[in-house]
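Lettered A, B, C and D in written order, each chain numbered from 1.
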Amino acid sequence: MTDQQIRTVIIGASGYTGGDFIRLAHTHPHIKITGLVANTHAGSRADEVFPHLRFADVPKMVKADEVKWEDVDAAICGLPHGTAQDIISTLPKHVKIIDMSADFRLRDVETYKQWYGRSHDHVDLYTEVAYGLTEHNRDAIKAARIIACPGCYPTAVLLGLLPLVSAGVINTDHLILDAKSGVSGAGRSPKQNTLFCEAGEGLSPYAIGSHRHTPEIEQELNKAANLRDIEVSFIPHLVPMSRGELITGHLTLTDGKTIEEARAALEAAYENEPFVHVTEEGVIPGTQHVRGSNHCLIGIFPARKAGRIVLIAAIDNLVKGSAGQALQNFNLAFGLEETTGLTQLPLFP
Amino acid sequence: MTDQQIRTVIIGASGYTGGDFIRLAHTHPHIKITGLVANTHAGSRADEVFPHLRFADVPKMVKADEVKWEDVDAAICGLPHGTAQDIISTLPKHVKIIDMSADFRLRDVETYKQWYGRSHDHVDLYTEVAYGLTEHNRDAIKAARIIACPGCYPTAVLLGLLPLVSAGVINTDHLILDAKSGVSGAGRSPKQNTLFCEAGEGLSPYAIGSHRHTPEIEQELNKAANLRDIEVSFIPHLVPMSRGELITGHLTLTDGKTIEEARAALEAAYENEPFVHVTEEGVIPGTQHVRGSNHCLIGIFPARKAGRIVLIAAIDNLVKGSAGQALQNFNLAFGLEETTGLTQLPLFP
Amino acid sequence: MTDQQIRTVIIGASGYTGGDFIRLAHTHPHIKITGLVANTHAGSRADEVFPHLRFADVPKMVKADEVKWEDVDAAICGLPHGTAQDIISTLPKHVKIIDMSADFRLRDVETYKQWYGRSHDHVDLYTEVAYGLTEHNRDAIKAARIIACPGCYPTAVLLGLLPLVSAGVINTDHLILDAKSGVSGAGRSPKQNTLFCEAGEGLSPYAIGSHRHTPEIEQELNKAANLRDIEVSFIPHLVPMSRGELITGHLTLTDGKTIEEARAALEAAYENEPFVHVTEEGVIPGTQHVRGSNHCLIGIFPARKAGRIVLIAAIDNLVKGSAGQALQNFNLAFGLEETTGLTQLPLFP
Amino acid sequence: MTDQQIRTVIIGASGYTGGDFIRLAHTHPHIKITGLVANTHAGSRADEVFPHLRFADVPKMVKADEVKWEDVDAAICGLPHGTAQDIISTLPKHVKIIDMSADFRLRDVETYKQWYGRSHDHVDLYTEVAYGLTEHNRDAIKAARIIACPGCYPTAVLLGLLPLVSAGVINTDHLILDAKSGVSGAGRSPKQNTLFCEAGEGLSPYAIGSHRHTPEIEQELNKAANLRDIEVSFIPHLVPMSRGELITGHLTLTDGKTIEEARAALEAAYENEPFVHVTEEGVIPGTQHVRGSNHCLIGIFPARKAGRIVLIAAIDNLVKGSAGQALQNFNLAFGLEETTGLTQLPLFP
């Protein structure tokens, strides 16, 4: 497969996740970007939309209906939820779809409707969908036509929690997830609360108890625990940085279980993983240490009180939390080495 | 008392808390700063140490032994812990001491030794000490000679938790406190982790389960609950902003209690307070909304899971978390209107 | 005048300059804010628009036509240019107007039209207008009904240059002004280029050779030099900070003049000024040292090449560059001590 | 040469430029890092010094005298000036040296002594040295044993000015260079002025007329212009961002020359260059658009006044301004494709 060029179209190329996929694809030897779809910027050169793409050899932005889909192998979808399902449903069946939106993450359409405020009109496609948390769903991802990449928060949360829940070392009744994200998670559309002067030099909790990533986290935890009623406390905060996401999991050990068993479960899960790393005892992850990379750092620590532990998971929300994981899934889907295009080190400082 | 000029010396005037006390004192009609003590900067003009003090009429920095203490009414101490107790013990008895350090906060000297790594050599002074959490300890503060102002984190935590614990509405077995602070909390001494390039564009948990403010929080909660064994999970994070501190309390209601009762307890505690404010239902505090001011915003919200609530408390760590609360205590100690010098609005943006 | 309450309405109260005037007015003993005009937010409480105004006792936002102007003494106008002239022209003659917009700054209506893209429809009002650069125009400001406060950049530039130009120590043929501003200068309306992720961690020149503050600077310099043809090179840059403005003036001495004469001219101009300060030799101003205050720091330095000097002027763009200077002019207009409400020290860090 | 592994040691591996060279080398197919020298961190793993290097396969830090230099092909030196010359003089002659320090940049040892405050003790090595401004000195760089990489500021300044000076289109008597840098340029040693709280939310000019990069800029301009007396006004500013450097050149055209000729000179110089790009008319470079990459953006614009032009040059100070240019020179020195390891796109946002 060394000479293969996979003809790839990015839908929603003017958003941050679309832009970051282009960045990563730029050093990928088997991706040929043949289309950039951005309806409101159709006709623009990529560097007019994202000046840093001046150095990439990519086509102009076009509208979705200008793409000749018969010549396309893969579509990367970075559209907002709600919009994505409609366009994805129109794509021909030979196109592999890596969807970074939320539209195919929730298996239950009622839950989708409740949290996303519109009906899901393409339930029929679900037979072709896999949930794209790479490290925990490789077989399904390889087999699927549509890969529903997890949300940024669910990615960090689930990478940390799934091995613990699967091993039964933590009490699923006490899952308290204090989440922090950089501002890029809010997207590139101008809004007052993401202005430099509003988000800078300040810290803002938001969507307390009501963030849309909550049911997604619960769906996957329930699946791993073979339960139906897990409810998490998920409280996100907006942090004055562009990139980065950190989950502080305040967890309770199952009676009789120890932090050593928790650590062992994490280490076993990720010992051969190229992108997920459990830090040594006492080494605390920070988001700046994964910035721009597809890596996830997980640390586990005793809390003061007996029976309580603290889980820290750090990712770059735009990379492992979105475009990087999408590329990892892309590689998997096309039979490529999973790390292709993803080997660059974090940018620090 | 309108013409009174209280002769005030600031010890540790070259640190951020000392500097911020000078800022606040500048508009206070009854404070005359007669001494600025900063041993390593003795001989310097204040504006050589802090250029923004060029606009204040303050004396040069001196060494502690250059101060004529007989002409001093009040000492504000912004020294690091360990150093503070030694100098405070030497001050003449007529001097009121507002101590922003940690040295007289913990009543138990064994606990002090365990967490601060040195012995407490001035236990005899404890009879003259009051813990300076203004809103909850006014009588003792008025009567004391030495006011031990709370740490920045304990201030925000306790303002939020004390009314809930006192009212018995929350379960003291499940006190999970996810704390976030701006970088000024780490002080002005150059350290690698507080460099712009290290602390900027990143988020770092630190001192997981081992922060020195933990026993202080527990001491006061135990006192309020009339218990001895409360242990809190207190996990601090360094946030890329200069000022601001936010506590996200993940709390569990006592069986049979409701969030309405929790809200009522908070509102009752603070309804007449000038600096502590409970936000309306759904209004989420952010640190940028109190920046530079002595105000504390407290919000309370239902978590997703029945029986769980989320408490948010936001302060400026240098003001309500240190110099502002010190000035509030100063006013109380000297029989002044408690808000004197503290009425300025937050600086936003 | 000590008991006077000046009934003041802020027009454009939902913008950053309007908001900062409210902050400053809050500690002013003679201002009673009786109206906040913000058309798109009419009906909202101030703290719904600016959460930090929760601690201020101000009325709800209203539309301009809801104000009873007969009960108003002063109007502070923080509207965008173009909009301001229309509303100002409708106000009754007994109302003093402190206009922070650009609409009455340029005396030449053709120049206004050329740079601001619309006609000036209220030229008749110009007889009542004074240019509000306080330190250089006190008599006119006192006498005027409408005070046209300078733009933020012109304020810093002119405070630095006017004494030098008036004294004839610099060559007006070589006025190179490299200007840098924090993001708040771009206003509070959501725009892509002022998002945290776009303006953060980066530096962007803009409006090279075409910024609207250019003719304003030239107008005042020509007046001071008794010339008509001064043209400045004015190049602004957007800096990743919320507040602050710094001018680096690359200047050439008039033949035979010295940097000592330049320094003397500046020192003479400002020796008794409460808000403009010439730094000592070698002391370099920074914007963080004036943040939140009405102070301006001016430094003057030899450049490497003989005959060249460097002028540095630093202000807070929202205070001395807008709302603070407006309040200073307000004080002047109402016969109050000029520093009233403006004595607070900078907020550092 | 496709299988060649060049055994490379990084001296000064604990500094930002050393660390960034490691990042870039990580994706370079022909670099094998066989040694990391960092005297004060000898014995530490790389990720203990730089947590983001956890994902790189690099050896532990050692002292310089622990390296077996006979097994080394190339040394990258990221030491502070003064220290570099001493260690470089001891390296065996078969080792190619890419020096990112200032020690071999100035050809005149008296100038070195005057600006760097110590004597140059290894003048004899100068016959083996080339100045490493890649685009303008390729032949010498290929032939040299020691490549003295330019300072970050000189890189950006000279890339912009050399074509203009060589073509005679600008007046070398009026070279005004207003420079702005991110904080990483000040290095990783803790200093008060580079703390987050001091450098954040503020803008600080520094070293006015006295920055050490001045003689380096003048040396190269004089050489290009075949002159001896060029003096530049070079005024640097510290900007609250980690990475990025921007030069605003306020230039004067030579009599009779036009901005079109200036643009043509720049375009001719860089039309085939992979890393230096002249922007289209009206397109203004910003540092965020080159962040993390080896690219330099140059824009040229008319100033308001006839005969004046504005040159903007933007780079990442740690990449094109240091480690990236070092790698570009490394590639050149070892006969590799010059872009090897340097093709990644900027990280935006």
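Throughout what follows, a contact is a pair of C-beta atoms (placed from the backbone, for glycine too) under 8 Å apart; a residue touches a chain by one contact, two chains touch by 3 or more.
Computed from a prediction, not measured in an experiment: that's the story for all the values here.
In summary, the interface at A-C recurs among the listed pairs C-D, B-C or B-D; the equivalent pair, sharing over half of its contacts by residue number, is B-D. Here B-D and A-B are compared, and the pair linked by more C-beta contacts is A-B.
In terms of their C-alpha centroids, the spacing between chain A and chain D amounts to 36 Å. Between chain B and chain D, the centres computed from C-alpha atoms are 45 Å apart. Centre-to-centre separation between chain A and chain B, using Cα means, comes to 39 Å. In chain C, the positions touching at least two other chains are 16, 184, 197-198, 200-201, 240-243, 286, 288-289, 291, 349.
Contact topology of the protein chains: fully connected, every pair of chains touching. By the touch criterion given at the top, residues 16, 183-184, 188, 190-192, 194-201, 240-242 of chain B touch chain D in their complex. Residue ranges on chain B touching chain A, taken from their complex, read 174, 176, 178, 180, 182, 197-198, 200-206, 208-210, 214, 231-235, 237, 239-244, 246, 248, 250, 284-289, 291, 301-305, 308, 310, 312, 314, 349. Listing the residues of chain C that touch chain B in their complex gives 16, 19, 22-23, 26-27, 50-56, 184, 200-201, 242-243, 277, 283, 286, 288-293, 295, 297, 343-349.
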